[in-house]
Structure formats: C-alpha cells, structure tokens
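Chain naming follows the written order as A, B, C and D, and within any one chain the residues start at number 1.
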Amino acid sequence: MLQIIQPAQLAFPEPVEASVIAPYLFVSAAMFVIGLVGFLTRKNMIIMFLCTELMFQAAGLALIAFGRHHLGADGQTFVIFVLCVAAAEAAMALALVVLLFRHRESLGASAWKELNG
Amino acid sequence: MSLEVWSLLALIFLPAIVGVLIGLVKNEENAYRIALATTLALCVPAVGLLGAFDFSNASTSQFEHSIPWVPGLGLEFSIGMDSVSLLLILLSVLLGPIVVLASKTAITKDRRMYYAWLTVLQGAMVGVFAAQDLLLFYICFEFTLLPMFILIRKYGSTNRIAASTKFFLYTFTGSMMTLAGLMYVVWFVAQDAQLGRWTLDIAALTHYAGDMSLTEQGWVLAAMLAGFAVKVPLFPVHTWLPLAHTEAPTAGSVILAGVLLKLGTYGFYRFAVPLAPEAFFEYAPAIAILAIIGIIYAGLICWVQDDIKKLVAYSSVSHLGFCILGLTALNVTGFSGSILYMLSHGFSTGGLFLMIGFMYERYHTRDMNEVGGLASKMPVWATFMVFFAMASVGLPGLNGFPSELLCLISAFQSDAAWNAAGEPGAWGASLGPWFAVFAGTGMVIAAMYLLYMVGKICFGAYKEPADHHPHDELPTDLNTREIITLTPLAIGCVLFGLQPTLLLDAVSDPVNNTVRIVERANGIEPGEASPRLIINEHADDQANDHGGDSHD
Amino acid sequence: MMTSSLLNSMVSTVAAIAPDTAGNAAQPAAVGHGPSWVLLIPFLPFAGFLLNALYAAFGVKSKLPAWTTVGLLACSFIATLSMFMGYDGTPYTVQAFEWFSIHYGDKSFVANFSFYVDTLTIYWMLFVTGLATLIALYASEYMSHDVGQGYNRFFAAFALFVVSMSCLVMGDNLIMLYLGWEGVGLCSYLLIGYFYKKPSAVAAAKKAFIVNRIGDLGLALGVYLTFVHFGTVQYAELFASETLQSYMAAASHGDFGAIPGEAQWIALLLMIGAFGKSAQFPLYVWLPDAMEGPTPVSALIHAATMVTAGVYLIARMYPVFLVSENALPIVAWIGTITAFLAATIGMAQFDIKRIMAYSTVSQLGYMFAGLGFLTPTGGAYHVLTHAFFKALLFLCCGAVMHGFAGQLDLRKLSGLWKVKGWGIVSLGMLVGCINLAGVPFTAGYFSKDTILAEAFVTPGYAFLGWVLILTAGLTAYYTFRVFFRVFVGPVEYHPGDELHDHDHDHGHGEEHSHDAGQHGDHHADHFHPHAPGWAINTVLVVLTGCSILATGLYFVGADKDAHTKHYADTMVSASSASYHSHYGTHAFEYYEKDPEHYPQPGHGPRGSIDAPLAMPLTGGDPHKMMYYISGVVGVIGIALAWLLHYHGRTKASECKMDAIAKRFGPLPRWAENKWYVDELYHAIFVKPLRIISHVFHWVDKLLVDGIVNVFGFLPRVFAWIIRPSQSGVLQGYAVSMAGGLAILLFVVLIIVSRAGGAS
Amino acid sequence: MTEKLAILWPEIFLFIATCLVMITGQWPSRAIRQFTPWICATALVLAFFAAMTSPATQGMFPAIVPYAKMIIAAVGLLILLLLSGTVDRQLELDVDNGKPFQSIRSNRGEFYAFFMFSLTGLMLTASADDLIWLFLALELTSLPTYIMVAVSREEDSSLEAAVKYFFLGALGAAIFLYGFAMLYGATGSTNLNEIAAVFASDGISSIGMIGMLIAVIGVSFKIAAVPMHFYTPDVYQGAASPVSAMLAFVPKTAGFLALMFLLGTVGWGSGLGGGHLPIEIEATLWIMAALTMTVGNILALLQSSVKRILAYSSIAHSGYMLVGIIAGPGSDGGAFYQNGLAAVLFYLFTYGVMTVGTFAVLASLEHRNGREADHIDDIRGICKSHPVLGWTFVITVLSTLGFPPLLGFIGKLGLFSAGISAGHYALIVVLGINSAIAACYYLRLVAVAYIDDTEKTKDPVYTTPFIMRPLAGVLSAGGVILFMVFSGPIVDGALNAASYVAPVPADHHDEHHAEEEPRTDEVALLED
C-alpha cells in the first residue's frame, strides 16, 4: 500500500548521508531521554503526560530524519499517524486527569497508591 | 474393541464417572454404598483381565488400544499392559474395596467428597499402570496427586494442611523435572534417523532411547530421578512421606503405601532404567547407596518414634530402599525382587496402617506412650498386628521375605567380580557384597523397630489415654467388617510369601527383556561370561589378584 | 567376541562333564525323589497350627488344642520313624510346591518348598518330633491354668515351632533352612513373650528375636554368597558342584590359597547365623533371658531343638566349612569360650532354670567345639544326648516351678525328694544331672568324651581341650549344686508368687486383683505344693528312660563298611557332615596309618603337625584316656558340690559355699551378674545406637526436612524482598521499569560481549 | 488491495458493530439498550466465521490470520458474556424504579464500543504486516482499555488502576515507537517483510538491533513481562473483574502477536547451527522470561486478593509463553512439538479460556453492598455454597496451574517440548520450578474454594443478578474440559498459524517481488 506513493521520491532526488541526519537523531534521542527523565522525576500528572508526548515526538523526529535519509515517505506517514495517536492520547489523558483531580484535588501522581503489594 | 479393552477402560473411567455420581447423591450413607459397590464391581473386570492375559507372552503389551488425543503432540490415549502392569493394576483394584470398607466409621463428615475422590483415585492409578503413552503415564501419574491431596487436606489429622501441601508440592516439583527429562527423550528419539517421527509410544522410546550419549542419559536420568525418587521416596528426598502418612486418613495411608509409592518405583522400572540404560548402569551404585542410607537411616529413625503411624511411615522409606536396591542391581533377580516388593509391600504396610487406623478410631491417639498392652483388650487386633509386623519384618513364609531376599541377592550378585556364575542377566551393575551387607542390616533394624512397636503397643500392661471414651459404633475388639477388611491383606501376605513363584513366573519375561535392554546398551553380549569365570579357570595363579579386585 | 564365545563353549563343556566328576566324589550325587508322605512330617504339625488357630478364633475353652497337638505331633513322629525305617541309604527330595524360581539365560535361582532327606535329616527329625510330642503332652498339663485363655495360642505357636523346625532341618535348600530358621525364631519370640503382660517377658522375647536377627543377617549373607558363588542354594546341587569339589580337593592339601576368598567367607557368614541361633559367644545373651517363657518352651525350644539349629547348620554345610581356612578354628575357639564362660556364670546363679539355661549355652559350646575339632559326629551326638537330658532337666525344673507356685530359687527349696509326689521329678532330675555332669557310662559322658578327645587328636587344639575338661568339672559342680540344694537335704520350701501369678493368669487384668487377694495363702504355712499329675509324670518317666537308654546308642548302630563306630557316627557320616577328602579324614587315625602322606599344611586349621598326637601329660590314645580323665573330673565336681552344698546343710538358704564364695572377692558377684555382658552390650551397642537414632531423627527433622522447608520458603523470602517494588506509586513503577530495563540491557550487553569475545 | 481486504472482514464486522453499539447503547428504549451486547455478539460470531475463511497472506506468517482472529473472536465472546452488567447497573436500577433514562449518565454505549474497538485493534494486530499498522493496531487495542478500566467500577481504585495503566502504557508505547523508528531507520522500510528481507541480506545493523531491542522491550509492556510488569496487579485489582479478564487476554495476545511479527523479521536462524534468535535478543528475552515467571509466581504467593493472585499469575504466564517465543518455530517447522510459536498461539487461547473462567467466578460474586468478591476469604467454600461457580473455579484454576490432564497442561506441554527441542534446557528447568511455585498458590485457591472447612463469615458473598457471567464461567470450564479432550483441531490450527516462512534475503526478494509485487499493487490501485 505504501509503495504506491512513489511520486514522493521526486521531491528528494538525492538521499542524504547518515552524517547529515545525525544531529536530528541526537536531538531526537535527547528529547526521548528528557521525556523519560521528566516522566520519572516530575510529580505532576500533566507534566508527566507531556513528557510522554515529548517521547512520542522524539520518535517522530527520528522517523522524519530517517525518512529523509532513506528517501521514503514511510517516515512522514508514520509521523502523521503518531501525531494522531498522540492527540488521542492527549484527549484521554486530560479527561482522566480532570477526573482524578475531582476525586483527590491533586494532580500529584503519588496521591494514588492505594493499590499495592 | 474387545471385551478386555472395554474392561480396562472401565477400570479407568468407571471410577471417574462414579466419582461424579457420588458427588451428586443426596444421602451420605449412599456415597459409601456406591463406592463400595463400585470398587467391588471393578474387581470383576480386573479378574477378567487376569484371566484373559496371555502369560506366555507376558512381556508384550496386551489388550492394547489407542485413541488419538492431541495428534500435534503425538499424545494418544494408548493403553495396554504387560504382566508387570497387570499385577500392579490388580493390586490397585484390590485395595479399592479394602480402603472403602476401612473408612466406614472413620470418616464421618463430607463423606460424598471423600468417597468420590477415593474412587477417582482408583481409576487414575489404573491409568498410570495401563498407560502405553509416555504422556498418558505422566498425566495419570500427576493426576493421582489431586485426590490424595484432597484426602489428606480434608480428612487428615491436625497438621494436615502442611502435610498435604508438602506432599503435593514436593512431588509436583520433582515431577516437573521428570516431565522435562521425558520430553527430552521424546525429542531425542524424534531426531533419530531410523524412526524420525515424534512418538510417545513407550515401546518405541525404549527401543531408541539407548542411543543417547552417556551425558545425555545422565541428565535425563537426573531429571527422572527428581520425580521418581521423590515419589518412592528415596533418601534424602523422603521427608514428605512421614508427614503425609501421619496426617492422612487411614485409607489415604493405605493407598499411599500400597500404590502411590509404587508409582515411583514403577517409574524407575519402566522409564528410568530403559530410557537411560547406560547412565543407570553408571550411576546405579550411587542410587543404591542412597537406597541403603535410606534403609538404615529411616530404620533407625523408626526406632525412636513415639507416633506409631510415623514409625510405620518411616518404615516405608526403609522398605522401599530395598526395592530400589533391587532395581539398581540391574539383573534379573533384582528386577524380579523389586517388582515383587512393589506388590507385596502394600499388603504388609497397608495392613499395618489399617491396624493403626482401627486403633486410632478407638483411642484417638497414635502416641505409643499413651496406649499399650492392647493384646489383653483386643486380642484379635493384636494378632493381626503381630502378623503384619512380622510380614513387614520380612519373616520367611510371609510377603516381605521373598522380595527382600531377591533384592539383597541381586545386590550381592550385581558385581562381575563377585559373581562366579557369570551368567547373562545376572551381574548387572557394579554393586557387590558390601551393598548387600549394609542393606542387610536393615533386616536387623526392621526387627528392632517393629518389635519395639509391637512390644509397646500390643504387649505389656494395658494402658489407655486419660480421656478415653469408647467409640459408640465400635466394639472393643475388631468387628466383622474390620476383620473382613484385613483378611484379604493377610491372605495376600501369606500367598506372596509362599507362592512368590506365581508372580516371579508372571514377570519373568518382561524382567528378562529389561535386563536385555540394559545389557545391550552397555555392550554386554548375551551369554558372555563375566570376568569372574576366567579367574575361576585359573584360580591358582589369580586368586590373590582377585582378592584385591573384589574389595574395590 | 572371540574370547567370549570360546568361554561359552568352555562353560558348556564343563557343565556337560560335571555330573561325571561329581559321581567320583563321595558326596551324594544322585538324589532321587522320595515318597510324598514324607510331607506329613511338617504338614501334620502345620495342620495342628491351623486347628489351634481356629480354636483360638472360636474361643475353645478346653484342652482340645493340647490333644490335637499331641496327636498330630505323635503322628508326625511316627512318620519320621517310618522315614527312618524306610531309608535305603540314598538321599532323596520331596517337593511340596514351587517357591522360588527365577530363570535367566540358562541359569536360575531355584529354591522350592521341598524337603531333603538324608541320614542327618532323619537323625535330627527323630528327636525333634519325638521330644516335641512328649513336651506337648507335658505342656497339656503344665499350661492347664490357661485353658480357654492362652492355651490355644500356646499350642498354636508350639505346633508352628515344630513346622518351622521341620523346615529348617528337612528343607532341601538354604532358603528353606532360612525359612525354618526365622520361623523358629518367630515361635521362640511368641512363646518367650507368652506372658505378654509381663514387661520382662516382652523384653526377653524382643531381645531373643533381635539378637537372633543379627545372626540371621550373617546367615542370610552366607546364603546369598553361596548362591552367588556356587550358583545354587540346593544342597544336592551344591554338594555335587564341581567348584566345591575342587575346593575340597585344594583344602585337603591345605592349599587354601587356591580357594577364592569369597568361598571361604561363606562359612564365616553362616557361622554368625549359627552363633546367633545356638547362643554362642558373643550372641548368647538372649538365651538365659528366654527362660521367661513357659518351661515346656524352654525345654523344647531353648534346650533341646531350636538351639541346636546352629550345630545342624554347620554339620549340614560342613563341606563349605572345610574349605574355609579360618571358619572351623573360629568355631572351635568360640565354642570353647562359650562353654567356659557360660559355666562360670552358671555356677553363680540361684535361679535353677537360669542355671539350666547357662548350662545349655555351655553344652552348646561343647557341640560347637566338637564341630570345630572336625568331629561333627561328636557334636551331633552331644546334640542328641543333650536334647534328652536337658529337656528332662528343664521339665523337672518346670514341674518344680509349677508345683511351688513359680519358685525357682535354689535357696528357697530343699529336700524335694522327700516330699510326697515328687519322687519321679527328683529321679528325673538325678538322671539328668548325672548325664549333664558326665558321670561315667551315661550318655552325656560318652558324647562329651567324643568331643573332648577330638580336641587332643586334632593338632593345635590341646589347650582348648584342657579348657573344656576344666569346664566339664565346673559343669558337674553346678549341676549337682542344684541337685544337692533342691532335691536332697532338709525339707523346706517357700512358694513363689510373682511368677506363679503370671503363670496363672497371664493376661486378664480383671482377675488380677482377685488373684492378688489370694497371695496370702501361698505364703501361709499350710502351702501345699502341687505335685505333678499323670501327664507330667509320664513324660518325665519316658524322658528319664530315654536319657538312660541314650547311653546304648553309643554301642549300637556301628557300620563296619563305613568304619563308623556307633549310631550317631553312622548317621552323621552318611550325610554331608561327613568328609571323605584327605583333608577331612580323621587326622589321628590317618597319621597312624600313613604318616608319610599326612597332609602338612603350612597354615591349615590344624596348626602345626608338630603338635603331639598322643594325649598330652598322660600320653596314650586320647580317646581312651578321656574316659578316665573326664570321668575323674566329673566326679571331682560332684564331690565338691556334695561337700559345699549338701554336707551339713540344715537350711535351704545356707551352705558352706557361702563362706567360701566370700573369699573369691567380687568374682562370684560378677559371675552372678553374668560378667556384666548385658550391661556392656547395652553400653556399647544399644545405647549408642539409640543415641544415633535420636540424632538421625533430629537430623531428619531439622536438617533434611529443614533444607526442604528452606527451599520451600525461599520463594517467599525472595517475594518479601522484591515486594517493595510494588509500592503502588506510579513514579516508583516508572523508575523501576526504567531501572530494570537499564540493568537488563546492561546484563545483556555483558553476555553479548562475552559471547562475542568467545567466538 | 482486495487481498488485504479479504483478511480484514472480521475487523470490518467489528467496526460496524462498534458504530452501532455507540448508538444503541444510549438509546432511550430499554429493549434496544439491552440489545447492545447482542450486536457485539453477532459481530463477533460473524467475525469468527469471516476469520475462518480468511485466505492465506504473503509474508512471514502466511496463515496466522484465521487462527488468531478465531481465537480472538471466541475468547472475545466469552469476555463479552462476562462484561454484562459491568456498567450502568445503578442507572438501570433507577430506570426500573421509574426514573427517566438519562443518556448522559449511561456508559453502556461507549463501554461496549471500546470493547469492540479493542478487539478490532487486536484483530488488526493479527493482520499487521507493517510497523505503522502494528503501531496503530496496538494503540487501538490499548487506548480503549484505559477508559474501560476507569469506568468499570464506580470506585477510586478503578481510577487509580486507570491512571497507572494509562501513564505506564503511554511510556511503553513511546518506547516501542522509538524502537519502530530505529527499525525504520536501519532498514528504510516500515514493511515487516521488507525489514526482514533487509536483515536477511545485509545482516542486522547495530541500529537495527538496538531498535529491535527497544521495540521488543516496549511491546513487552503489553504482555506484562518483567520489568514492565508493575502495573499489572494494581490494574487487575482496581478494574472490575470482567475488565480484568479482558486485560488478561487482549493486551497479552496483542503483545505476543506483535512480538512474533517483530522477531520474525530477525528470524530464529542465528546461533551456532541455527535455531536461535540473535544472541542480543535471545539473551534479553531469556532473562525476561526467567524473571517474569519467577517474579510473577513468587509475588503471587504473598497475596490475599484473588485478583492480584491472578494478575501475578498472568505475569508468570507471560513468562511461560516467552519460552515459546524464544524457542521459535523450530528447525523444520513441521511439528507442533518443536514449534514454540504454535505453542504460544495455542497457549494464548488456552490461557484466555481459563482466565476468563476464573475471573467469571469472581465477577459472579459480590458482597451485599455490591463490592465485588476479591479477597481469598470471599471464595471460601464456594463449592458448597455455589457449586456451579465453585467447580468452574476449581477446574479453571487447576487448568491454569497446568494440572494434567486439563487444557492448561496440554498448553504447557507444548511450551515444554518446544523449549526442549530448541535446546533451552535451563529455561525449561526454570519453567518447571516455577510451575511448582505456582502450584503453591493455585492449590491454596483450590483448597480454599473446595477443600477446606468453611466458617460463617460476617460478610458473605452472593451471586450477581447477571446470569451471563456465570454462563461465561461455565462455558470456560466446559471449554477447558472439552478442549482437553478435543484439543487436536486447535493444536493443528495453532501449528498451521505458526508456520513461519523465513525471510528471503533482499537481493532475491528484489528479483522476485520488487518487479512483480508493485505491478500487482498498481493494478489493484487502478482497479480501485
């Protein structure tokens, strides 16, 4: 199915060297790590969720960089879907956080630790 | 399907169906009646099978039938029996009505569940012995755990929860390893160029498994030992048994001693030896040493017990050491003796457990310091007690003796250096006289602890627990029902003692076959003289050399 | 491959010619099948056992079991007699049914339930069944207190004993012998423990069984080794075996090096069994305690028959003993030690039944010494005479015990001869005593001399001979000590009570108190001894007669063709107990005839040939000299007993010996306490074993099971350790996840780098 | 395109039903509202039959689609039965009492819709042949379950469960997404078959390997493998029992299918003499499997909440199944006994049936105040008080334990033999020991429910009014027994589904497919 979008290649006549996309990948990796560290360290659930978004987008950035490297449209396509999913998750997350906030009057993740063991 | 196959199927499935029925009946008393009727009725097909069995062809599996089950795994519901299986099946079936009868007054609550599981257990035990498919064997082998677990956990005495859990988990853990080992054998055979298919047929596996390298066989043997040795139980993995025996209801103890322990020795005979013949040959002395340690160690422990049931339980450990010793000898006498032991041990030890059960019903204690001198109050009981104790001691003329004799002789024989006769099928592994000497001390120890028990409980001044109240339903001495329960066992003891040759003839073919498997795997040609004979021919010049060898 | 097939052919060749070579030997080669009525001998008593068991089951309350037993045993005796009469010199076997038969290849383990009849069998069975019949008759009266109670049980065990003994003696293979061996042990156990409410009886029974079991272990191992080495346990095949023949040949030249060690071990192992059953040092300790049983039991089992089983075993397996370098010397030494030790203890005892028990041990020592001195004839002959007179002695003691309410202390009985109704008992006692003391021209005298003389005939045993002669003197002393104290002298008696009480109602608690109330009667002055009735008297008369007539056996039954001198000699010499090899031939005679070819073993059982073959000190033919020496020694012993225990004695409890005994310091006390052997055994065997058992018990509980429990508990421990990771905090989970992944990937990195480095 | 469509009919049926139930669930008419589950059921049945006729696809697992979707539909039906009455209970009671129906309060529509979405996602996972597809399918499977957990009970604990599940799930998704990105980066394609072809021809580049590891680890969140397991017990306990049952089956199946597809690209042909995954992945999975089994089982020992026990047992079972994944499809792929993937596929079904049965019993019982049965004392003696439920519980628990001859045993047997055939003896020993540890707590459950004596409790449990729940249990128990006897077809199906076509190196691939495939695709496009 994805091969059909062959004409997209026309826009990028030359594949780029790996060294060209390397900075993008570094940024992507940095975003991923920042997201992860943020998720682990921040207590606020909204910020935690944003951190996961950051990780998603890190993946998106990597996909785009790789797509450029391979001269394929797959990467960009993937990113579009990732964005959609991220949006859906965001909607859910906000709904959930609001619900939780109503119950505990707190946005701290550590407010929820009844279930354990 | 022939009538025999139907009989065999009935032996396996009828108990299960009846078990469900018993669970559904309204009246608890009916549960007992149905169970009794069923177990008695099952004797009919069992005896029929005995009659139909062709003993001239005893080593081939007869009444075979197989129904595909899980073709992907090669699992078939494949049953049949050679004479060894037949005898063990008869033993299981015979014990059925006995244990049901013995439970009549002993079990007062939840009798439906009790008899249901007791009956189901019957079928499972028959299944183990009738299985011709490796996994079917394993399935039945494992399945027996559940009814027994329930019987102990629900109907045991004070420490029953710990006992049942230990019983189940210990044997289950071991047999998981066994499953792995067995599956390895199956996989190995499936790779065999000649066969080249995945099969669980025991006969086929037995045929090809000997091609495994010694290392492989060693691991397979270790895996099988993990399950079977625990079940037997072999020192040092025996500790579940005294606990389980002590806590189990009488019927449970009888079945446990009579049949369930034999699943382990049967596993040894049917799987560990033929599937890993070289490794078994190699490690037989080590296993035999464990068996002997068990004989002496457990025997001595018996001697200092206060709990009479624990005493008998430990005596099982000690006795089954002989059984394993016979197996490790890897010769005809050894296997014969061992199979005989499997059959006969249930009678004497089962009898002892029944005796203890009857006593417990009356005095509600198993502590030998609390009761004593019962011969004056219960002469019939005491007579049976002495009888079964003597059978257990291994008195010639009773059942313990032939098997013990053969097991010890086989250990003696089982050394090329000592065995002048040098006949095929005789020398087996490298055990030798010292094994027999040390194992033989078990005879003395058995006398010590059993007479200690008899002396304390039967003889001396009459003693009863301080809070003793006579049992409402039971007379002081044994009643007719109890005597009827004991009589078949007593007859069995005498019969096995005086006519072991019936059994020995019956198992002769399969045993010789098994020995051939071991010999072939270890490169011993039929009819090959042992080194000993050569020495005899030149006794003059080699005597001294030989003296050195024999003590190696 | 080549060698193996070659060997095969060799084996078959040997097998093919084996019967021929066996035929050359003097051993019974061709063994025929005998008439099946011979089976009646064991099976009639067995029927008796079954009937008695049925009586017990149905609670018969009459003397029916006694008459059943006596009748059937008598029939059995008659059958034995006709077996004796009909015996034509060829051993035969009679098979009852198959017992063991396992076949593999062309070999087999066969031990059938069949009986082997040769002269030794007949010799033994005659007195076994005969005495059993008599003693059963005696017991019918003796046990009459127990009619309806233990009576059935007693006779059931009694009959079963005879069955077992028959199997022991008549069995055609070692497994049958073992069956009988353990069977008599069981009956002994049951009968010693007959008064099962009495702790000492239960303990004695247990001790007897267990000590015997130790011996049985030796026997069993010997049997196994026999099978493993010779490939058979059947006498006929064993004695005809080529291997055994070749060993015999080697042994006859003193060439024990040519006989494999394990073949020599057989005898040593069997010997242990014999020591156990025949109460030889160090396994004799059970026999004195066994006197807890009813006296007929002591008489039959613990004096006349069962305890001679060891002698029978060695006699039966004599060829195997001959091929063992050390077995017979050990037998001789042990026999002598036992004889002397038991005699010293017997001298210091006061319980007349115990004295008889120790004298039995002592006399058994003689028999063993005889076997060791290469005279199975002497041993067997002494077995026979001893059976009669010792049974007689025991039955007399039993009568006393029965009549005097269980009194057995020789300090409390005196002058019974003069009490009305005790004449026959006293006479019987006298006859028994003169036999035991070896008064000249009694049966005991001749049979003991046969053994004693042989000690000097066989080189190397002279010392043992002197010890045995000394022992003979001691025997005479303690035997007549009993007689002079109890049966003659002033009339005085005190009834016993405790024993009587048990004798009377052995197992019925309800009646106990009732009986206890009557104790006063026994102690009262008007105690009337309960004189023996007709059954006891008849038996005593018959046995007295037999003991006297047994002397005659020394003069009849000689067989000129076989160069045997008397009945016992003839019977024993025609069996496997004979030895027709160079080695075994009577050394003295052989030397006389052919000194040139006398075997000169460097290390044979006979020690050095340099030993004088004439009687030491006195010179002359030991056989002739012994008539005088032992006669004199016996008389000295009796005279001492007369002097110390009869002369001038006015009370039952005091005599001259009491003063003399004090001069020996603690020795009499030690002897009375049996040299503390029981205590020693308890301290060095029982106690440590008990401690070990307790240790094992705790090891099992704590260590073996403990390890299992630890393994069972480990998962929980791990679970407790990692449980905090399930803290329930979201952040915690995330951190754990990330950390876990980091560790996981790190480990993988290490693994991969290792694997990469390796490849 | 039609080729793709041909295998997508089950998803299409489910999707249509999803759209319908969103509407019917909110319908004022009670009859129609209550008809909602029946729509789902119809769709599932249709999907089942549609899956049955699915044609073989091209790629690594040509025959997986029918089997996977059939078991999804079948177990989905059981779960559907179990879900009855989970939401809107109070609402319906109020309606019964005469209050007007307020659609704003009703959760029914979205609840069933989410359920159907999730199953759709699961089925899509089974049809996935592309990383994008796989990512979307996995997210479609997971996202609805977050909501279902949250709304399943009107208690704080379900919210807590949802928040943990959601956040950690998002984290997991981010991780495997990043892995996917790197896989794409390494191979230049998102098509799994093409990735496989590249790996086969060029070898696995280090970035590809890292991508694969990250993807595998991320996906292992779905199957609750250690160390991604932490959410499991809390979520299972917090969610209503029916939803827990669903969680035990749906994400796990998705995760294992995804793992199979991902690992299929690197293949099981590595190692000395073949038959192994690349060592990096094998080591990771090996450690993961061993830890997962062990941690799951030992932590279950300490629990007193049945749902937590089942959650930990669910973790442990993932560990067992990982053994099958490690073992791979076997050398010749011709037999069930050595095809670990077939064993996994079979075990997924087995586990689904058993676990739904167990949860069904819990779901069928509640306290007087409506609190659902959870504590181990709640099931004490239920064989006496509720024989049908009790026996269902005993049978399914014993089967989960792998007690012979029940279905679970046959499932475990496949894993055993596959592991042994692949030479992973140590792992099999770990598996064996873990089965024994597991026996400890399963036996406790059986003993409590069936064997032990019962005392009167202050707060006894009663059956819920929803007959479908016990029915689900009984069907499961019946299935355990039935498929124990007649497991042959399912085993064969699993074996067929697991047949694995090892990737062909790209140069070959190019010769064959690069010239032919696009052409057909273009034709297909033109025709569309």
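Note that in this section a contact is a pair of C-beta atoms (placed from the backbone, for glycine too) under 8 Å apart; a residue touches a chain by one contact, two chains touch by 3 or more.
None of the values given here were measured: they were computed from a predicted structure.
**Q** Please state, in steps, how far subunit B lies from subunit A along the shortest route of touching chains.
**A** Each step joins two touching chains, and the minimum needed here is 2.
**Q** Where the centre of all protein Cα atoms falls, which chain's Cα centre is nearest to that point?
**A** The most central chain, going by mean C-alpha position, is B.
**Q** What is the chain whose Cα centre is as far as it gets from that of subunit A?
**A** Measuring from the centre of subunit A, the most distant chain centre belongs to C.
**Q** Can you tell me which chain pair comes out on top for contact count?
**A** Counting C-beta pairs in contact for each chain pair, the top pair is B-C.
**Q** Approximately how many whole Å separate the CA-defined centres of subunit C and subunit D?
**A** Taking the average C-alpha coordinate of subunit C and of subunit D, the gap between them is 78 Å.
**Q** Counting in whole Å, what is the centre-to-centre distance of subunit A and subunit C, each centre being its mean C-alpha position?
**A** 96
**Q** Approximately how many whole Å separate the CA-defined centres of subunit B and subunit C?
**A** 35
**Q** How many angstrom between the C-alpha centroids of subunit D and subunit A?
**A** 25
**Q** Residues of subunit C that touch two or more other chains: which are they?
**A** Residues 723, 726, 728, 730, 734.
**Q** Of all residues in subunit A, which are in touch with two or more distinct other chains?
**A** Touching at least two other chains: 36, 39, 48, 109, 112-117.
**Q** Scan subunit B for residues touching two or more other chains and write them down.
**A** If we look for residues of subunit B contacting two or more partner chains, we find 169.
**Q** If two chains touch, include that pair; go through all of them.
**A** Per the contact definition above, the touching pairs are A-C, A-D, B-C, B-D, C-D.
**Q** Taking the complex as given, what residues does subunit B use to touch subunit C?
**A** 166, 169-170, 235-240, 297, 300-301, 303-305, 331-333, 336, 373, 375-376, 383, 386, 390, 395-397, 401-402, 405-406, 408-409, 412-413, 418-426, 433, 436-437, 440-441, 443-444, 447-448, 451-452, 455, 458-462, 498-501, 504-505, 508, 512, 515, 525-529, 533-537, 539-540, 543-544, 546-547, 550
**Q** Per the contact definition, I'd like the list of subunit A residues that touch subunit C in the complex.
**A** Residues in contact with subunit C: 36, 39-41, 43, 48, 109-110, 112-117.
**Q** Under the stated contact criterion, what part of subunit B meets subunit D in this complex?
**A** 68-75, 135, 138-140, 142-143, 146, 149-150, 153-154, 161, 165, 168-169, 172-173, 176-177, 179-180, 183-184, 186-187, 190, 198, 219
**Q** What part of subunit D is in contact with subunit C in the complex they form?
**A** Residue positions touching the partner: 163-164, 167-168, 171, 213, 217, 226-228, 230-231, 233-234, 279-280, 283-284, 287-288, 294-295, 297-299, 301-302, 437, 440.
**Q** Please give the residue numbers of subunit D that touch subunit B in the complex, ascending.
**A** Those in contact with subunit B are residues 335-338, 342, 398, 403-405, 409-410, 413-414, 416-417, 420-421, 425, 428-429, 431-433, 435-436, 439-440, 443, 447, 450-452, 485, 487-488, 491-492, 494-495.
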